[in-house]
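Two complexes, one shared chain (subunit A), two partners (subunit B, subunit C).
After this line comes the complex of A and B, so read on.
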């Protein structure tokens, strides 16, 4: 499967009469966006705001971040959700690189997620670097939480599709090509390199904790194999609203750094043969079945090593350790990517589960670490939730507008795909 | 798979939704009290069917927890290890907690999330 990603570099976003890309600026017609969003009658109100890197803006509570793209060949964007369910991951896709759609709106009272566009908070989230079109949405009063999440999720994806269309006729500034061969061909191509796959765990526990693969709720899949470029091309989207610091937004899936870096090493230090996706469920029997299947698939394709990434904390630690242990027991080396809830002093046990076979760990940082964020000039969304969000506490929001919070409040701060700057090293 | 023997919960929404269908042990207390009751049950031979830690909503945010148990014949060591681990984690997280805001307005939201995670597990099995 071969994918050409054409990057149209976006370095500014402005409102305009027509939605278009010109000389690296994304012009946005806010009225068209509002019309598009309000076509769903469940949405009562929508505001379109712009946020640029360096501006004194705080966005909260962030639901999802999405990269606008257009498929020129080989299916459509967000297959099974926005476009027909045709397989993606091949053909040509144009990307508005440097731009994003950010959705905000209160689904439940304690919801979380802060993106600061400037100041110390901006250093913790990669999304502070994006030219952002922010949708502030509110739904009709009688909408239940399940529908509320769905409505906001779909609105964000639709607007990303709409903005992506502006890149259809634009010549990309750079074109990157990614290719993965069918398994046996890939093995034959680099017979001397270790065969490595990526095991991606998808959060799938229920309301506000879900992920979709070609439109299928991931809790209903059994672990399966997917081409790396399918993930890069929008096959997986996020319905996950909780645990801002370590949830994978749709943007994370589109730009999964594990996929990207393994492809970059393919043919050099390793033979990247594919991705196994698995889920994180509530029932222990489901955890056992899924980790058995993951290990079985890893064995079946004769892997030498895997990288396993987790999503979330607590309950999924059990899935992580089950996957790691069972894959290691097949004689396959593992490295896990996770983050830590080690207490504010960093002294507590980092994960809720452990095993001696899980002996190679990359961390995305300690989510309990406390940081102070300055007052910023403009709030997009609703700041009143800050006292109540995860990682906030009584007195978080001070009278002078500064806030004292745990890192887990910041969207993407301790991301478990490594799409962040924090980590730790030991000798 | 072992049939459901009982649900241990402190969540009124779970009580309302499931008390007609399953034996339900309602705990008047917090997250930790539910875990401790489950540990008692495990020592008496129960097997844990759903994970004692919530999804990504942390024990120091939500006061609500529901756990599904099956009947066993002797002490199930996996269940015991799981519940002991969970109690350690929850105690650790509660220790750090600086008087968290408890807004009764969010109670229903937390109840709904806990109920949803439980039903997505249970409905699947029926």
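After this line comes the complex of A and C, so read on.
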């Protein structure tokens, strides 16, 4: 499977009469976006705001972040959700690189994250670096919570598709080509290099802890194999965000760094043969079945090593350890990427489960570490949620507009795909 | 600036084991190894007093010894407290660690000590105070002082202490966030390549040994037993009166259930942010089974349902916090004559 990713570099976003890309600026027609979003009558109101890197803006509660793209060849964007379910991962895709759609609004419960576009908080979230089109949405009062989540999720994806269309006729600034051969061909191509796969654990614990693969709720999948370029091309989307620090937004999936960094070593130090996706269900039988299948698939395709990435913490720590143990017991080497909940003082036990076989760990940092965020000039969304979101506490929101929260609240801060440079050390 | 130094009877030149029962005393200026410290601290600081205590006395009268020595330290109100170094002397190490930690915690005065890594005082106190790793005997005194002086100076100047590797003190076991050069995915790929090649690599997190709790013996006659409900599923009276956090709980709640036979959408909800709250909010009995237990109580299948339930959120809550909650809750339940607990998690 061969994918050409054309990057159209975006370094500014402005409102305009017509939605278009010109000289690196994304112009946005806000009325068209509003119409598009309000086509779903369950959405009562929508505001379109812009947020640029360095501006004194705090966005909260953030639901999802999405990269606008357009498929020129080989299926459509977000297959099985927005476009027909045709397989993606090959052909040509243009990307508005440096731009994002961010969704916010009054959301379900103690949910959602914070993106600061400047100040110390901005250092912890990759989304402070993006030219962002922010949708502030409010839904009708009588809507059920699951529908509420669905409505906002789809609205974000639709707007990303709409903005991505602006890149259809634009010549990309750079084109990158990624290719993975069918398994046996890949093995034959580099017979002397260790065969490596990526085991991606998808969050599937329930409302606001869901992920979709070609439109299928990941709770309902059995672990399976997909091409790396399918993930790069929108096959997986996010339906979650609780404890925003270590949940993958759709943007994270579209730009999965493990896929990129394994492809960068492909043919050099290792032979990257494919991706195994699995889930993190809450029932024990599901955990046993999924981890058995993950290990079985790893054995079946004769792997030498895997990188396993987790999503979330606590309950999924058990899935992580089951996967790691069972894969190691097949004689296949593992490296895992996780994050930690070591308490605000860093003195507590970091994970809810552990095993000596998990002896190669990359950490995204301690999510309980407390950070003070300064008052910023503009709030997009609703700041009153800060006392109640995961990682906030009674008194997080202070009179003077500063907030004191755990890193947990910051969207993507301790990401377990290894998106960031943050780690933790024992002192 | 003023420094107070703590040493045992041996380093004070009073005597060995036969003098280990002497009570705390304070002398002006330096005694024994304090001279070497003084030389290193000049001209910015000096040792104004030395406190001497026998190792046996300290360890056998720990509360009394601690209180007396804290009083002595207070008299001088120093800017820094130095204890030891204790090398591999076990009781001296425990005394030095105990008193250094107490001075720091109770008087708010920075404290430093040093000892051999296998001294039992090291594991007990390295997480509480800056502790330099020394050789196992007093032959390592020069080296120990040379390591402690730069740290002591930084502490006196109120400068931030760097990482254990950089500054030469024992890791306290505290996890601290750092930004590294490469993103996590690149670090993972590099680690895997090394692991596959059989080369050395360094894990970023060493897996801990886990506590395993043995289940208690079964209740002999459940029809006579008093049963309590405790949950980490966050079930609280409607409105979450104690404002228990949705994640990383700093507290637990204790609620009277004696007037209730059933939890409903009107009287209870979950504070937990880590699972789909819809079904728990519709009917909190799904997490905290009050309705069934009440029925079993009426039917005589259990003796009695305890009149309080305890609740916190397990979501992202530090194990150390959970342990502290459990200790308090456990003591109360025992005092209230509870025979068994149904612990529900989510």
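We adopt the following convention: the second predicted complex is superposed on the first by the 422 of 427 C-alpha atoms of A that agree within 3 Å, B and C clash if a C-alpha of one lies under 4 Å from a C-alpha of the other, contacts with A are read in each partner's own complex, and residues count from 1 in each chain.
Just so it is clear, a contact is a pair of C-beta atoms (placed from the backbone, for glycine too) under 8 Å apart; a residue touches a chain by one contact, two chains touch by 3 or more.
Nothing here was measured: the structure is a model prediction, and the numbers come from that model.
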Partners on subunit A (subunit B, subunit C) - clash or fit: clash
Which of subunit B and subunit C A:421 touches, first, second, both or neither: second
Partner chain(s) touched by A:205 [first = subunit B, second = subunit C, both, neither]: both
Partner chain(s) touched by A:242 [first = subunit B, second = subunit C, both, neither]: both
Partner contacting more residues of subunit A (subunit B vs subunit C): C
Contacts of A:14 with subunit B and subunit C, given as first, second, both or neither: neither
Subunit B versus subunit C as contact partner of A:314, first or second or both or neither: both
Subunit B versus subunit C as contact partner of A:329, first or second or both or neither: neither
Subunit B versus subunit C as contact partner of A:358, first or second or both or neither: second
Partner chain(s) touched by A:305 [first = subunit B, second = subunit C, both, neither]: second
Subunit B versus subunit C as contact partner of A:341, first or second or both or neither: both
Superposed model, subunit C segment overlapping subunit B, candidates 149-157, 203-211 or 275-283: 275-283
Subunit A residues contacted in one complex by subunit B, in the other by subunit C: 109-110, 145-146, 205-209, 242-243, 282, 313-315, 341, 343-344, 348-349, 353, 368, 388, 390, 392-394
Contacting residues of subunit A [partner subunit B, same complex]: 108-110, 145-146, 203, 205-209, 219, 240, 242-243, 246-247, 280-287, 312-318, 341, 343-344, 348-349, 352-353, 368, 387-388, 390, 392-395
Complex interface listing, subunit C residues touching subunit A: 127, 163-164, 171-189, 191-193, 195-196, 201, 203-210, 243, 245-248, 250, 271, 273-278, 314-321
Complex interface listing, subunit A residues touching subunit C: 109-111, 123, 145-146, 194, 196, 205-209, 242-243, 257-258, 260-262, 264-265, 269-270, 282, 304-307, 309, 313-315, 333, 335-338, 340-351, 353-356, 358-369, 388-394, 406-408, 415-427
Footprint of subunit A on subunit B - complex, ascending: 1, 48-51, 53-59, 61-62, 68, 82, 85-86, 88-89, 92-93, 95-101, 103, 105-106, 109-110, 112-113, 116-121, 124-125
